[in-house]
Each structure stands twice: as C-alpha cells, then as structure tokens.
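Look at the two complexes coming up: chain A is in both, with chain B in one and chain C in the other.
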Partner chain A sequence: MSTIIDPRERPIGYLPEGADINRNIAMRRLRGKIWQALFFSSLVIGLLALGTLLYTIIDDSFGYIAVQTRRDPEELADRPLEELSKEELIEILRANISAGLFRRFDRDEPFSERSKESVLQLIEERVIGREVVAAFKLTESLLERERIEATVRERFPRAELEFHSWINREFLTRPMSSVPILAGVGNAILGSLWVIAITMLLAIPIGVLGGVYLEEYASDTWYYRLIETNINNLAGVPSIIYGLLGLAVFVRALEPITSGAAFGVTDSNGRTILSAGLTMALLVLPLMIINAREAIRAVPQSIRQASYGLGATKWQTVWHHVLPNALPGILTGTILSMSRAMGETAPLIVVGASTFIVFYPDSVFDKFTVIPIQIYNWTSQPGAQFRSIAAAAIIVLLVTLLLLNATAILLRNRFKRSY
Partner chain B sequence: MEQKAHVSIEQAATIPAGAVNLRGRRRFGERMIEIIVFICGAISIFTTTAIVVVLFQEAWLFFGSPEVDLIEFFGTTRWQPETGRFGIWPLMTSTLLTSIIALMVAVPLGLGAAIYLSEYASPTARGYLKPILEVLAGVPTVVYGYFALTFVTPVILQGLLGRENVEIYNMLSAGLTMGIMILPLMASMSEDALSAVPRSLREGSYGLGATRLETSVRVVVPAALSGILAAVIVSMSRAVGETMIVALAAGAGPRFTFNPLQAAETMTGHIARISGGDISYASIQYTSIFAIALVLFFMTLLLNLLSGWVVRRFREVYE
Partner chain C sequence: MTVAEISSVTTAQTNGRYAVELQNTHIYYGSFRAVKDVSLQIERQRITAFIGPSGCGKSTVLRAINRMNDLIPGSRLEGRILFHGKNIYDPDVDPVEVRRRIGMVFQKPNPFPKSIYDNIMFGPRINGWRGTKAQADELVERALRGAAIWDEVKDKLHQPGTALSGGQQQRLCIARALAVQPEVILMDEPCSALDPISTLKIEELMLELRRNYTIIIVTHNMQQASRVSDYTAFFLMDADRAGQLVEYGPTEQIFTSPNDKRTEDYISGRFG
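Our next item is the complex of A and B:
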C-alpha cells in the first residue's frame, strides 16, 4: 500500500500506483466536472443577462397607469371627438382655452393649415388634459393589484386606474411630445428610414465595388496592402469618431450642400438627414467591404476560368458570374450593415440629431431624429413614464432588428450553394 | 470592328493563320470600370485621412489657444472647460476604470463560454447556444445603456450594496453592463481561435491519458493563446470606444476618482454630452472634444495594431 503523496512533493516522473491511481483519477474527474459546470455557467450568465434585459423592457412597457382628466371628453360634444369635423374641433378649442393661447397656436401654425389630427391633439393636450399621475410596472400590476389600487385611491382620489400598453398604434404613428403618454416614435421611425435609405444607397454600391477591387482587380502592390490594412483598422475605430468626422466634414465644411442651401432650401443648417446618412455610410463601409470580399472569395475559381475560357472580359466575368454567385453573401452582409446602422446612436448625437422635433421629415434637408436617439433621450429623462416609452421604443427597435436578421438568415439558407 | 469578332466556327476554320489579331484589344469601358472599382476601394483611405486631418486640425486649434498647453492637458487632473482647466486625466481614468471592469466580466465569462462551446458542447447544443450569443451581440448599445440605468444600478447594485452607498450614475454599473455587451465578441473570437487548433493535438493529449479539462486548459488554450490575447485586446478597444452605455449610466461631469461606485464621465461620454448640446463652432469646448477624440483615436488604433501584432508574433502554425 502506497501512501498518498502531496502533489507538490511528487518527484519528476512520478507515477501513481495502487490505490493512489484510483484516488488520482477520481480527483481529476471531479475537477473536470466542476470546471465543465463553470464553463457552462458562463454561457448561462450570458443567457440570463439576455433574459433579464428582455424582462426589464417588457416589464416597463406594460402596466397600470392612474389617469386624471381636467375635463371629461363627453362634456365637450355629444359625439366622440374623432367623428367631429375640423371646424367643430377648432370651435371646441376656442371655447375652452384662453384667447391669447388660441392666438399663439394660430401664429405657430395657422388653424386653416393644420390637419384635423393636430387640432385633436391640441384639444387632448390643452382641454381634456389627460394626465397620467402614476405608472406601474407589469410585474406589480399583475401581482399586487390591491396595493396599487390602495395607493392610487389614497394619493389621487380622482384618478382612474387602467391597464395600458405603452406600445400601441398611436405610439407608432404620433410624433414626439413632452407629455409621455402623448408621445410617439412616428417621426423617429420615418427619420430612421430616411437615414438608412441614404446610407445604403451609398454604402451598397461603393462597398460591393470596393470588395470587387480587392478580390478581383488588385494585385499584390503596396497600395493594395495599404487599403487592406486600412479597412481592417477602420472597422475598429470607435463610432463616435465617425460622428466627429461627420460634424466637421458634412455638417460644417459641406454645409452649403448638406443643408440644401445650394439647392434653394433656406431654412436649415447642416444638421440634416443627408449629413447623418453620409456619416453612417462611411461608418458601415468597412463592414460592407469586408462582407462583400468574403462573399466574392467564396465563389470558386473554376467559374471565373470557365467565363474567361469563353472569351469574356474581366468585367463581364465579374458582372455576369462572380457577383450573381456572391449575391446571397452580399445580401446577408448588407442586412447586417443595415442593422448596425439602425441601432447606432453615438455618431448621430454628434452629427446633431434633434431630440425634439414634432414634424415628419419629408426631404433629405430636414432636421431629423431616429429611434435610438429617442431611446437615449427618454432614458436620460427622469420619471417612470419616460422609462416606459423608452422601453416601448426599444421594443420597436428590437423587433425591427430581429426581422432584419431573420431575413438575413433566411436568405443565407435559401440561396446557400455548395460547389 | 465589332462585326469582325463574330466569326462562326466554319469561317474560323478557313481563316488563314495570321489574319486574326489575337492581341487583346484596348477596351475603354473595361479600363473605366477598373478605375471606378479602384476608387471605391480607395475611399477607405479617404475616410482615414479625413479622420486624421479633421482631428489634428481642430486639436491644433485647441492646443494653440492661450488657455491650454500640452503639459496641462496631460499633466493635470481637472477638466473644467468653464474655468479653463483642461487636464484629461479625470476623463482618462474613468474610461480605463469602466473598461477594466468590463474586461473583468467579459474575459473570464467569454473564455469560459468559448471553451464550453468548442470543447464540450455537442454540435446540436452549439447550434442552439451560439445564436443566443449572436442575439446578445446584435442588441444596440443604447439598449444596454437603458438596461444599466433601469436594472443594473437600482436593482442589482443598490439592492446588494445599499442605496446610500451607490450613486445613481456610477462607473461600476456602466462597466458591468459593458462587460455583458462585450462578452459575445470575446466568446466568438476565442472560439474561433480554439476551433482552429488541430484535432491531432487533442488526440495526442487524450492518448497520454489526459482528461477533457486537462486537454482543454493545458493543450488547446495554450495553442490558441495568440487568438485569445487578440480577442482580449480587441475587447479592450471596443470598451474604450463604447459611448452609449457610459453616456447613460456612468454620469455627466468629469470627476477624478478611482471609486467605481461614484459617477464620473468618460472620454466618449463627454464628447457625446458636449456635442449633443448647443455649442458654437468657435468655442474652445468645440475644439476640446476633437482633442479628446484624437487621444481616443490613438488609444484604439494602438490597441488594434497591437492585436494584429500579437496574432502574427505568437501564432502557432500547424501543418
């Protein structure tokens, strides 16, 4: 019977014998089990973080709200307000707010030019004065209904408790407002679409052709290596630095173009959709090029050889054979770049996104806001209700990104070819 | 000219040798396309040059103004543009502190997840687990900022350490959340490195009687060390340049402190806050953010170059 030797005192080349072997093996297996559990738990922590993140967002975007109104809408008219004509609505507004305030609204934007929805919104804000005095999270709304009812009765006797989904149809279509319950992401969604459209219009052709250059045309020269290293390094530059580039180049130096002054637009500065789109295009370009290169490289050499063998020129080969074969990969890369541009916030803050605009953008020379900017803005405001609309806006953003990525995966699987 | 190119096979057979010019024609269109394609590739050079020129130009104006000098910028610990004090250290220390906290979360967890995925998980399990990490990587950083501010700080930190000990904005919360954000990057880069280690090394280790753990930790991880180190450096670079999480959760206002439970603005957070407000292009505050960005640019550039060098220098090549 050999005795167990302390591992630190084992001589070099020592081999366990007898019972020591079993003991040694059992220990090593146990250690293996423990570490396997530890490795697995790092994945579980990632999973938990994702779960908690989603839970927090959902918890904030649904729940009871206590609503107090100054006037009951049924007192104002015998029919629901939505059914009234614009003129009737204006009359109601005139009768219920001070003459000075009415004139001020008329000066801001003449009533004759306002839409019915905008008048209705004014009535809701100024006359009915629906005010949310307290908001509760989903978990407490479901589990502690009695306590919430008691709290509301005690603190706001006139208020009514109702279950509210902060994400709803009005939220998706309304513009920004300083009152959380009346605010929406309508113009932010539109702003995001405008910015993405400009970004992609520039980044797709330049990115793909850049990829074509590096994979098909370039020979191994010093400037090829320079471009290659440069693209890889650009992908690692913090996004906020692209914002400063956009601020200095597009917003300031190219202001006549980006503000539209050169095209006869007079009422704007360089902080426009166009500047934002151009900045974002520079930001996603390295990503686009890297993805396009990978897709092009995956096209087998034999296809090119066959095309050359039939007498095609280089561009004919690229255009008719290489690019169509690389298309699924390029599309996937495009969608990934798009979702990157969609969620990017920091550069747009620097380029000068407006956090408070109430109109809908209708040209590239308009001021803009995008969904992530609204999330940033609402998250940084104090108050539970702003948290709730921030959470609702996050749901909008995440669902959009999820759809985009699902499309990318579908495309990848649908058109996957093996050679 | 174009007509001549179309020669049928019968005709071609009868054409005497030397009548057809086999030398490549000069094609104007092809040449144009070559130039266009080159320009598209070279636009990236324009971007880099523009970044460097813009940052240097504005930073030159900043350092040229009478209120600032380089010694003050790199040698003092107060950043108060209102009173003309421009010492970058408070912004630098909070940037480094939040990044180090993030790495302390992301490196062990990311490496653990990578080892599990590459050495332990069955292909089916990997098929389910990897997409989760990809989803985590796809979440925009502003959403993580919201998460830090509405969950990590009030529920976890103030819940564990007490409401009075933790400020609403603090570096620990920003750092921890940033760690979760970087985890997928760290995990996927390390997993690539681990999977690239040839199977024969593992078989050899098993053949000598090593357990799975011993094989992973003593054979596979050392063999993939260059890739793992590169992953750590790239994660660091990502953490240093991250903006939205720190802008929302780390605090607004530079403060020279090493206490992670206090609020302190980072370099990126400061740039975002100052440029988000209404600043005049002529003010020293405007040029100061470019000076900060220049320092930031060189920090990340250095880290990126370092990661490339580590991969080249320490790569083990197996044939």
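Our next item is the complex of A and C:
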C-alpha cells in the first residue's frame, strides 16, 4: 500500500513541530483486515455448526431398514388389505389373534366405533407384525450398500432390505406408538398447534396492550419503574420456574377450570392443553411486552406530535398511528415468542404433558403432548430406530417453525411502512 | 368545553383584535424555569415572528399556545393564555379542542406514512367528520389549494405523502393543518429543513394565509422575519437561563429603530 503523500513532506497547517498525521495507513488497513477476518470466521463457525446439525438430523432420518414380517399380508386375503371393508378386516383380526386380546381391544374402544384405519393398524401391528430389525443411516446406505446387504443377509436371513424415509405421510398423521416404524407425530403436531394457539391468543393482546400502557400512558414514577424492572427480569427467569408456577396455579389451584370440570367435562384432570397454553402464555408474556414496547418506542415522536397537533386524543393517536406503525416490530416479537413457545419442553413436562397418548386432542380440556416432548421422549429410548424417528420429528418441528415464521415475516413485510 | 361554548365567550369578552393573549406566563420543565413572565398580545390575521438565540424559549412559548407542552412530562405553566378571552389553561378546557383550533406546523416536515388524501382527511375524521365522499374530496382539494400544493399533487392523491420532496411535505403539513379549520397556525422554524426555493414558496404561502388566519412563526432567519412578519417578538435568556421577552412591536420598528440595546445587537448580528 503506497501513500500519495511523500512521508517526508510535512503537511501544511497548524501541526506542532514533531507531531504528524496521515501515518500508519498500512497498519490501519491491516487491523481492519484482521477484524474482517475475525468477523468472517465467526460466520463460518456458525455455518459449520448449523451444517453439522442439519447433517446429523438428515443422516438419521433416511436410510435402509431391514424389515421382517411374521405373516405375509398376501396370505391373509386375496385382495390388498386396503381394499377390504371394515367388517372384513375385523374378521381377519378376530381369526388371527387370541380371543382374549380381541376382547381387550373391543373393551378399549368398541370395534363398531373404530375407524377402518384403526382396525387396519391393529392388523399391521398384531397379525402381520411388520418389524424393523435393523436401521441404517443415510451416509452408510449410500456409500456402503454391499456391507449392509451382507450384514443383513447374515444376521436376518428372512428380512428384506428397503430404503425408508422416516419422515413420510404416515409419520405426520399417525399418533404415538411403541413400535417406532408405526409411530407418528400427528397428535403431537396437533397438540403443539393447540398450545401455541392458546399461548398466542393470550400473550399477543395482553402483551401489546400492556406495552401500550407502559409506553404511552404510564408516567415515569417509581412504581412503574419497578414494574418495568420486574418485567425485564421475568424475561430471564428459567422456563422450568414457569412450569412450576403453572403446576401450582393452573394445574392444581385452578383445576376446576383448567380440567373443564366447571364446564361439564368429567374425565379429566388439570393437566390439559389449557393449562399448558396458560403456562406458555405467562412464559412469553415478558418477551411480548418488552418487544411491543420497543416497537412502540421506535415510532417517531414527530408522528405523535402531528396527530396531537390536529386535535387527536391520546387513544386516537395510539390507534391510528402508534399501533399501525409499531405493527411490524410487534410481529417480529411475536415471531420470537412463538418460536420460543414452540420449542419449550421443560415447563410442559412439569405441567404434565403426556409422554404417551395415542388419541388426537380435540378440545382445550384434553390431555396433550407436543413435538419437543416427543423428541425428548424418543431420544431417551435405546436403539437406532428411535433415534431415527426423533430426527424425523426434529425435521417436523423445524419445518413447522419455519412455516410459522415465514407467515409472520410475510405479514410483517406487508405492514412495513416508511416515514 | 365545546366550540360553541368558546365562541359564545368570544362575542361576550373580546373586541376581536387579538387572537391570543399571554398574561404573565412562566413555563417550567420540572424545576427549571425555561420562560419567565411573558406578556404578549397576538393580533388577529397578522403574522407574528418570534426571534432570538437558541434556547431562549421561543419553541416553549409557541407550544404553550396550543397546549402541546402538556405532552412533555414535567412541564408546567403559570399565568394565563387567553384565546377568545378564555384562559386555555383553565381546568374546564380540553386541550384536544384547543389544538384543533390552534394548529401547528413543525420544524421537520412530518406527514403521516399514509396517502396524501388520508393525510388531509385524518384531522377532520378524528374530529368527528360528517360529510359525503364528494364533500371530503372537496375539502381535500380546498386544503391543498390553500397550501398552494394542489397543482403538484392533484394526480397522486393516493400516493404516500412521505414520497414528496421536503418542501412539498411541509406544504402538505400546512394543508393538513388547514383541513381542521383552525383560527391560528403556529409554525416552529418551518423552513429550517428546506432549500431556498421551497422556503420562498412557504413564505409566499404565509402571506397568502394571513388573509384568513393568525400566524405565529418561530424563525432563526432574520431576513425571513423582516420579509414576512407584521410583528416581531424578541426573546433572550437572562442570567439564570430563563427566556424573557425583551421587546415586542411592529416588525418595521423592531428592525429599524429598536428600543432595547440588546435587540439592536442581536439584529445587527453582534451576538446570537
């Protein structure tokens, strides 16, 4: 790097004798370069971490499985099972399992009330007994096919090798099962959406209204400052504490309401979707308020002045100018809160999410499970197959989050304004 | 207090010469007295200029006249400000009503991030506008014509007001203020963010508006004050940094033969 000024030439001006400026250009550039390299390497580290995460998840979600059945489905009927009627399927089931087991299934849920799919699932589980005896990762499956084939031939001569995507339509729609290949996240997705819906329904309006009050109405007095400090601190309280709070307040103290007993629901306790949603709402509320306040504060004061100057009341100013202009920022906060609520596990375990339920929630007074709890549950089970469905569930969680965020970002851009 | 009530006070108590009267006004921010004992009578349908060095309380006095200071936490006023003979700081006066009748134009143009049309109609709407779509269109046109900007924006009424140039934005803000039918318009350095040509347009506009409105303008520009204003008030800080009214009179007299030595020094550029 050369300079245009000869360093020996003294600049004209008021510099004291012996002092100098316009030196060290090379050194300054070098320092800049070093910092730039540092920034860049941080980015690379971040990308590497993300890449590794995605790689392990995808590696577990696809790959060969060795499948072995107890009975060949073709032996059971002359047509594919899917084409049979529910009655024919019930007959097949009756003929192939013990009478005692059949009666037990009937007691659990009478066959007359079961859907055809549920009967079909029982046949698959109990009669055909499709069983995955070995599962392999994606990289192995792609690179070491021969070795996998040899291993399977040797250890499970009856088994067949097939390429399996652990994430598939059945996985998305089916409920829990103790058999990995039959398990799905259907009811967990639904549970997550229910809980999120309640959380957002409560946290968005309360958070925004609270933020408006603190920013536009509250005066700068010691008690409001105390409230502010508390809200800021609450945002940093570990989520498990909120779980304990939810357990004490919503699950126990308010059980008549959260279990639905007060509304005529009989067979339930306080460990319901409603309790979970309320707990999550408490958890994200400080975040929502802080964010709403920031968004409201970012609305230029000149806009408020213009509005007041025309004879608008405080409420008219808030409604016509402050809120619309703060909306993009509020939506950003909503995205953050929603993602937080979506991924939280600990408080829901405390509030009593069920780790194993097979039915789909259809009211806020139902027991529930959510995707992160399923993931937690499956990762703590032994065996490659549980790892695979856990990975598949992680993909589902990530995609759900991505979709929710994309919606919020689209909304935000739609409402974006320039001053 | 409603418009009708204030107006009935008008006929009863004022002879109609003064639009606004400040009587022994002191203005505080918390414990700091920013303005000390200002008494001033603003003549109707004239342009009054407030001049003086930075920080001497010109904006503070201006904002007090339509109770915009109420929005600043800790601000407080002693004394009286009469509008139609009624003290606007009386407890039974609603500041919202005051601001509708005494409009304000700010230093930095601040159109709403909405269409030009909605910028104009916002004021009427929030003040309980009742009228047809055709009447609204007419009001928009009149306000924009009144602010001498109609020809420039008549083809883009539904485009954002923020997309206009600085000078156009400022005239839009004036039009917006006109649309709520004020009697007095306060302008706080309305040209300080504008180029010379836009400044000239606003000055011409002020002279035009003088026929129907009372205008009070804060300006740092001596030429501007002497060009447009009929009366000039000169403010200065005293020893404890409180702004005071030093001299007030016809602009001509203030600029040619001021009574106070300090006014003369300021006008001839010796300080400030």
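We adopt the following convention: the second predicted complex is superposed on the first by the 359 of 419 C-alpha atoms of A that agree within 3 Å, B and C clash if a C-alpha of one lies under 4 Å from a C-alpha of the other, contacts with A are read in each partner's own complex, and residues count from 1 in each chain.
Simple rule for what comes next: a residue touches a chain if its C-beta (ideal position, glycine included) is under 8 Å from a C-beta of that chain, and two chains touch if they have at least 3 such contacts.
These numbers come from a predicted model, not from an experiment.
Engineer: Touching A:L142 in the superposition: chain B (first), chain C (second), both, neither?
Structural biologist: Neither partner.
Engineer: If we overlay the two complexes on their shared chain A, which of chain B and chain C does A:T313 touch? Say first, second, both or neither.
Structural biologist: In the superposition, A:T313 contacts both chain B and chain C.
Engineer: In the superposed arrangement, which partner chain does A:N325 touch: chain B (first), chain C (second), both, or neither?
Structural biologist: Touch status of A:N325: second partner only.
Engineer: Can A:A346 be said to touch chain B (first), chain C (second), both, or neither?
Structural biologist: So A:A346 only meets chain B here.
Engineer: Just to be sure I read the superposition right, which of the two partners does A:A150 touch: chain B = first, chain C = second, or both, or neither?
Structural biologist: Neither partner.
Engineer: Looking only at chain A, is it chain B or chain C that touches more of its residues?
Structural biologist: Result: the larger residue contact count on chain A belongs to B.
Engineer: Which partner does A:G210 reach: the first (chain B), the second (chain C), both, or neither?
Structural biologist: Once the two structures are laid over each other on A, A:G210 reaches chain B alone.
Engineer: May I ask you to decide whether A:A406 touches chain B, chain C, both, or neither, giving the answer as first, second, both or neither?
Structural biologist: neither
Engineer: Output the chain A positions appearing in both contact lists, the one against chain B and the one against chain C.
Structural biologist: Comparing the two interfaces on chain A, one with chain B and one with chain C, the shared residues are 313.
Engineer: Which residues of chain C touch chain A in the complex?
Structural biologist: 66, 68, 71, 73, 96-97, 99-101, 103-104, 106, 108, 110-113, 122-123, 126-127, 160, 162, 173, 176-177, 180
Engineer: Using the touch definition up top, name the residues of chain A that touch chain C in the complex.
Structural biologist: 219-220, 300, 302-313, 316, 320-321, 325, 417-419
Engineer: Can you check the complex and tell me which residues of chain B touch chain A?
Structural biologist: Listed in rising order, the residues are 27, 29-30, 33-34, 36-38, 40-45, 47-48, 50-51, 54-55, 57-58, 108-113, 115-117, 120, 129, 132-133, 135-136, 138-147, 149-151, 180, 183-184, 187, 211-214, 217, 234, 237, 240-244, 247-248, 268, 271-272, 275-276, 281, 289-290, 293, 296-297, 300-301, 303-305, 308.
Engineer: Can you list the residues on chain A that touch chain B in the complex?
Structural biologist: 28-29, 31-32, 35-36, 38-43, 45-47, 49-50, 52-53, 56-57, 60, 205-207, 209-210, 212-214, 216-218, 223, 226-227, 230-234, 236-245, 247-249, 252, 282, 285-286, 289, 313-315, 339, 342-346, 349-350, 352, 355, 372, 375-376, 379-380, 387, 390-391, 394, 397-398, 401, 405
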